[in-house]
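Just so it is clear, A, B, C, D and E label the chains in written order, and each chain counts residues from 1 on its own.
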Amino acid sequence: MARAVTTQKKAIYTVAAWGIGLLIFFPILWTFLTSFKTEGTAVADPPVFLFFDWTTDNYTVVQERSNYMRYLWNSVVIAGGSTLLGVIIAVPAAWSMAFVPGNRTKDILLWMLSTKMLPAVGVLYPIYIVLIRLGVLDTKGALIVVVMMINLPIIIWMLYTYFKEIPVDILEAARMDGASLRNEIIHVLTPMAIPGIASTILLNVILAWNEAFWTLNLTADDAAPLTAFIASYSSPEGLFYAKLSAASTMAIAPILILGWFSQKQLVRGLTFGAVK
Amino acid sequence: MATQHSRSAARLMMSPAVILLLGWMLVPLIMTLYFSFTDYRPVALPPTVAECCVGFENYVRFFTASAFMDSVWTTLIMVGGILAITVVGGILLAILLDQPMWGQGVVRILVIAPFFVMPTVSALVWKNMFMDPVNGLLTHLWEFFNATPINWLTDVPLFSIIMIVSWQWLPFATLILLTAIQSLDSEQLEAAEMDGAPAIKRFWYIILPHLARAITVVILIQTIFLLSIFAEIFVTTNGAFGTRTLTYLVYQRVLESQNVGLGSAGGILAVILANIVAIFLMRIVGKNLDA
Amino acid sequence: QETTLTIATVNNGDMIRMQGLTEDFTEQHPEIALEWVTLEENVLRQRVTQDIATNGGQFDVMTIGTYEVPIWGQQGWLVPLDDMPEGYDADDILPAIAGGLTVDGTLYAAPFYGESSMVMYRTDLMEEAGLEMPDAPTWEFIKEAAAAMTDEEAEIYGICLRGKAGWGENMAFLTAMANSYGARWFDEEWNAQFDTEAWSNTLTDYLDIMTNYGPPGAANNGFNENLALFQQGKCGMWIDATVAASFVTNPDESEVADSVGFALAPDNGLGKRGNWLWAWSLAVPAGSDAPDAAKTFIAWATSKEYTELVAENEGWANVPPGTRTSLYENQEYLDAAPFAQMTLESIQAADPTNPAVDPVPYTGVQFVAIPEFAGIGTQVGQEFSAALAGQQSAEEALSNAQALTEDEMSAAGYN
Amino acid sequence: MGRITLDKVTKSFGDVNVIPPLDLTIEDGEFVVFVGPSGCGKSTLLRLIAGLEDVSSGEIRIDGTDATNLPPAKRGLAMVFQSYALYPHMSVRKNIAFPLKMAGLSQQEQDDRVNRAAEVLNLKDYIDRRPGQLSGGQRQRVAIGRAIVREPSAFLFDEPLSNLDAALRVGMRLEISELHNRLETTMIYVTHDQVEAMTMADKIVVLRAGNIEQVGSPLELYRTPRNLFVAGFIGSPKMNLIGGAEAQKHGATTIGIRPEHITASTESGEWTGTVGVAEHLGSDTFFHVHVEGWKEPITVRVDGELSLRHGDKVMLTPQAERIHKFDANGLRVE
Amino acid sequence: MGRITLDKVTKSFGDVNVIPPLDLTIEDGEFVVFVGPSGCGKSTLLRLIAGLEDVSSGEIRIDGTDATNLPPAKRGLAMVFQSYALYPHMSVRKNIAFPLKMAGLSQQEQDDRVNRAAEVLNLKDYIDRRPGQLSGGQRQRVAIGRAIVREPSAFLFDEPLSNLDAALRVGMRLEISELHNRLETTMIYVTHDQVEAMTMADKIVVLRAGNIEQVGSPLELYRTPRNLFVAGFIGSPKMNLIGGAEAQKHGATTIGIRPEHITASTESGEWTGTVGVAEHLGSDTFFHVHVEGWKEPITVRVDGELSLRHGDKVMLTPQAERIHKFDANGLRVE
């Protein structure tokens, strides 16, 4: 299929792909642009795209209303902490399933995945009560654990699929070379699985960052992340498009930027074993 | 690889994850199960807190309410619709992105972006800035073409939510399918070409079957996430106009009506239904995991 | 020794404003630190209910409405506020408001602001239409005016009303409207009344007005959406909370600030007007570990001094209205707020203990003060909202509402 | 019905010129093998003929008509890929029927042809399996089956045996040769295994860096390699190449002598050396003999009876008429 | 320092009994090759010795001490894998040093040993590259380097050359043989390529379905195969096996004669047949001759000069003393 692609064809593909790409991206772009408008321009009819008086007032207003940095920090801690903890627990588990598979391995894996099917609203009360009893409601620690538990099956599954791609031979070679299990995992498996682990981490940071049910319901203040921040903007009074846009931009920008910068890693690993 | 030593090491290393997940599943599940057989209405006058036992009363009530079957249908339509749009759209988009073009990297960045957007934010933005019947951008667009604007969230509420969620998940499907397409052995396509298959038939007979596995994975993962869609409904329609999914119905019972017993019964029913779907899906994927 | 108070508030203007003024409080009380949890109304209600029902103790001060206070007070979930500091002057609180926050003579929450509902209208459009709004209009007149003011070409809709489903959204309006139509939620035996002529009239008229003269997509419009529409000059009339008055007359936010008129909520000549009574109040949950500090804060936030503080910083028009008699005797306020008198009259016109034309077993004007109401109200609201969206007829909506209400009430053990 | 002519064909990938102008004619019914080291352009050449790559310049004619711009499907050629490129989701039957289905043949006709091919290739027993359930050799046969049902005017094979193990390779090699004898269709076969080239070809084309080094029958190449490259490439084990003073004696820069053309004895001979590694194959033994002053050991084939051990002294005598002489440019001198 | 004894070793995977009770002794310094068809248990056996699998029963002794339950690292063996199993994220130097690092040797000592190994294996120039940047042969050498630095008491090789192309295989084969000559360490080498087995082994172990069919030196196996399986497996091209009346004449159920032990002539001979496929290798030619009444064609090796074509008549004479006789059970009869 490596025949010369005519420039004309390439141009058609380029136009089509850019068109669709921009269309898909447009809501985000529009939100971004709107965040720099005044409330009046934001609802102007016909809408204005680029040529308006850019203002950062909305950001000031939002920041005055709520301490953005604090929510941001909580989001970072919860997303990062839960992912890290999840990976630490998942690596050994994925190692076991990938390299010492038993008859039950696949069942266990699927069972793990099925725990994700518990409808969160259904078990909110029990979890809430448990956390109250433990006295850890509205703490980052509790949130880290809860979010970690939600994503753990996905983390394990992803790591499992990467590990399976690593030739067993190499681990056996390490074993022959005198490496203990710990050394085998630290010096051989982990470095080899870096791309997979990186993409697992990325995906889970994104999922944790955007997890909106538990983070909202189990926090009040001390541990409230950006999902709670945005919950106070869902319908403020009066003309609010610009402020909503500013708050939205602030809520998604960090993860969007992270995602863009690391999209290569993310994409490379996003297969869940779907690709052979 | 399978010596006694490594097997016991494996069991040991797997146990933290298994035990944690078992706890995470069993504790709430058992509590929910217990609640579902009790009268638990913490704000009633006088309040009842898990007063045992009312038998299957909660189940009967939840199950026989017309809202239940409606919500099951809504859930199926919503999940099915989103899956259909994201899978079909994802395949088309993946094929397009696989073609030679300028600025492929940038296009991919554009396409992937919605995946990073918080569901709440995405729902808010779509609802207010695009689907608003007066100030929404889509309304302006319709007006520009002299068409009667659509009241998205009231006239076609289910469709609107499906669109919003599809927008968020399309990138995910596209990325996985794109990787899958790129993994297709080019010699297979060349062989088909030598065999006289034109582009469309190559797609149908070679590419599509090659994608089967990727498609099942996309469906499985998305189903898991889609069954628990919440924020999008909460923000846009609050469950009105036939957008009340099973999850949302449970939410209304537990948190709006504060009838924990009834809601728990609903939760258990939802778990059962979700697992029926899951078993069905996992059979397929499980088969593929071996291959 | 610093005490930290976690305060759950709703994300509306007055509350946000208060957050900006906390310095005044912390200067007076350096030993108390404040943490704000600002949430959208529905989320807030769910969060605080959840917390108080499980005794979670996450909040020290909660912002709750007139619906919750009597129920929660009865449950013993709230700390009584009868020992407020000296100079608080609890007697100054408007009797209609205080009545809704008192259970068996004990005050369980302090009103932050109070509101009723009234008609807000565009004087310029009314003039154009050649009509004149009476101080106390009838539904008949409202309908006529709405027809006259509608100009869909110019995107001007004769009337904007709540359509979004929710017991605090469309049902607040519709329940109040039903009161003036002689309808009620329950008869004295707690039998649901949606199968009555009166409800049928209410809903038919509502749907009639809204489909003919309302804005598109009205079934998703709540207070905020309507406010935005009105401020953009897209509504001829708007019947909603009295607090809206300060927003629609604020020239910074509203394009129509100088042409807004006010009138009492409409009636049908049956003796009840279609206005409600609501107060966002501050209460201390029994699970709070700092009830004293919490009371100190509430006393500050609902005091006359706070009113003055707002006036000083933001102008009299922006003080939280509807809670204290003294405010309505303050000439400065009356001058700054043209809607003050109408607000006061509206509040006084509401009678929570006797809301409907016929006798009822419950209290509450636009709600029924029983714990089950939130759930029922929202479901009924969804039926009516669906009718507004054209997905079902008025009859269907009413019979569905009747069925589900009967169902819920029997499950809850009322009959 | 299968004469292929390449006329000044060139191919560049971007700046890299992979095939310099190249002329080649393949006669109808010939079995032509392209050999050459890895990366020399064998696959590229084959793909140019197949139409899977566009030529950069020049012309390709099939049976006299210009096919340079025809799409692959229209050239009437069939190709067997190195990876077999079977369709993994289709049964063997469907795989083989695929080109027929694409050509729009009736179901009846399809079945007939598939059955015939399956018979010829001994695939009857696996006809309903998927490729994933077949062994390497079976897959190979399916790939060939898919090629023959089309009754093409020529077959193109790109290293079809390189994924098979040694024993299977020998078997499949014979099968393909027999197929050629039976069908008498033109076959173009790419390999870098010179045993395959020698045993199968009517005509071998030796390529190096896109250039044709020599074209000829296997024995021609074996007996009269045109230059050092061909001499070293054809024959196994490799021809011994000797430079320096010994070559001077024969009036050449380099001389070459094949292992099988050297006589070894413990008593007398032209060259004296010590035995290094000895490889006993049973049928033959190869000794690697280190002759003093020569860089490379000399490989000698001995018929079995001579028993020498590591370190023994041995005398070697090349058969004089079998010595190949090359000049400073590496070209053969007669 | 490298005597390995297997005593009634068995291995089952679940219900499948892969190795039935098996006894084998490998002497110190021996080069032992395990051959056998695919799936016969060669790798399994090697992995049992390495400790990568547990035996189901029986005992493995290394230098007299029981190693049955020792973990792989403690057995003092080094293994070279078919895939090389290099650590892709480490440079060549780090790869080779890895076992030393795990053993906790000083940096100085590590460097010394790595340099020595790199020297021996000609790896100096690539020492800082990653495996991904190396050719197949170089990778192979790194894998061997990693094995030798540990100075193990025995080396285990699992088909180390099967991923290399034919030419490279020949070269690496020699290198490994030379290494064995130099180190004089026990080597156990798995392959299914019988040329490798013949050329490298001191002792060949022929396996079939986990059973040892014969153990002996390459020439022993070539000359006196104990049964039909070994006869067919050892030697290339394969021994011709003839049953029926012809075998009866020799008082056997089956007779076997190797292609190189048949004389062909156009004039006279014991058997008469027609030439089928002819494979000209230059050095030799192999004719596949169809003898009337016999199912399988007879392969004959001819020295080059006889020119026969497809379809020609030919007379064959087996060398009487080279005829192998087998009874009804397939066992050799003397």
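Here, contacts are C-beta pairs under 8 Å (C-beta built on N, C-alpha and C of every residue); 3 or more make two chains touch, one makes a residue touch a chain.
Bear in mind the structure is a predicted one, so any value in this text is a computation, not a measurement.
Using mean Cα coordinates as chain centres, the one most removed from chain D is C. Top-ranked chain pair, ordered by C-beta pairs in contact, is A-B.
Taking each chain's centre as the mean of its C-alpha atoms, chain B lies 55 Å from chain D.
Taking each chain's centre as the mean of its C-alpha atoms, chain A lies 54 Å from chain D. Inter-chain spacing, taken between the CA centroids of chain A and chain C, is 39 Å. Shared contact sites, meaning residues of chain B that touch two or more other chains, fall at 1-2, 135, 190, 193, 255, 291. Shared interface positions of chain C, defined as residues touching 2 or more other chains, are 50, 54, 228, 232.
Looking at chain E, residues 52, 71 sit in touch with two or more other chains. Of all residues in chain E, those touching chain B in their complex are 51-54, 71. By the touch criterion stated above, chain A contacts chain B in their complex at residues 1, 5, 9-10, 13-14, 16-18, 20-22, 24-25, 27-28, 30-31, 34, 43, 45-47, 89-90, 92-93, 95-97, 99-100, 102, 106, 108-110, 112-127, 129-130, 149, 152-154, 156, 168, 171-172, 181, 206, 209-210, 212-213, 226-227, 230-231, 233-234, 240-241, 244-245, 248, 251-252, 255-256, 258-260, 263, 266-268, 270-276.
Taken in their complex, chain B has these residues touching chain C: 41-47, 61, 65, 67, 132-135, 149, 151-155, 157, 234, 236-242, 244, 252-253, 255-259, 262. By the touch criterion given at the top, residues 185, 187-188, 190-197, 201, 205-206, 209-210, 212, 291 of chain B touch chain D in their complex. Chain C meets chain B in the complex at residues 42, 46, 49-50, 53-54, 71-72, 74-75, 155, 164-166, 215-220, 228-229, 232, 234, 370-372, 374-376, 378-379, 381-382, 385-386, 388-391, 404, 407-408, 411-412.
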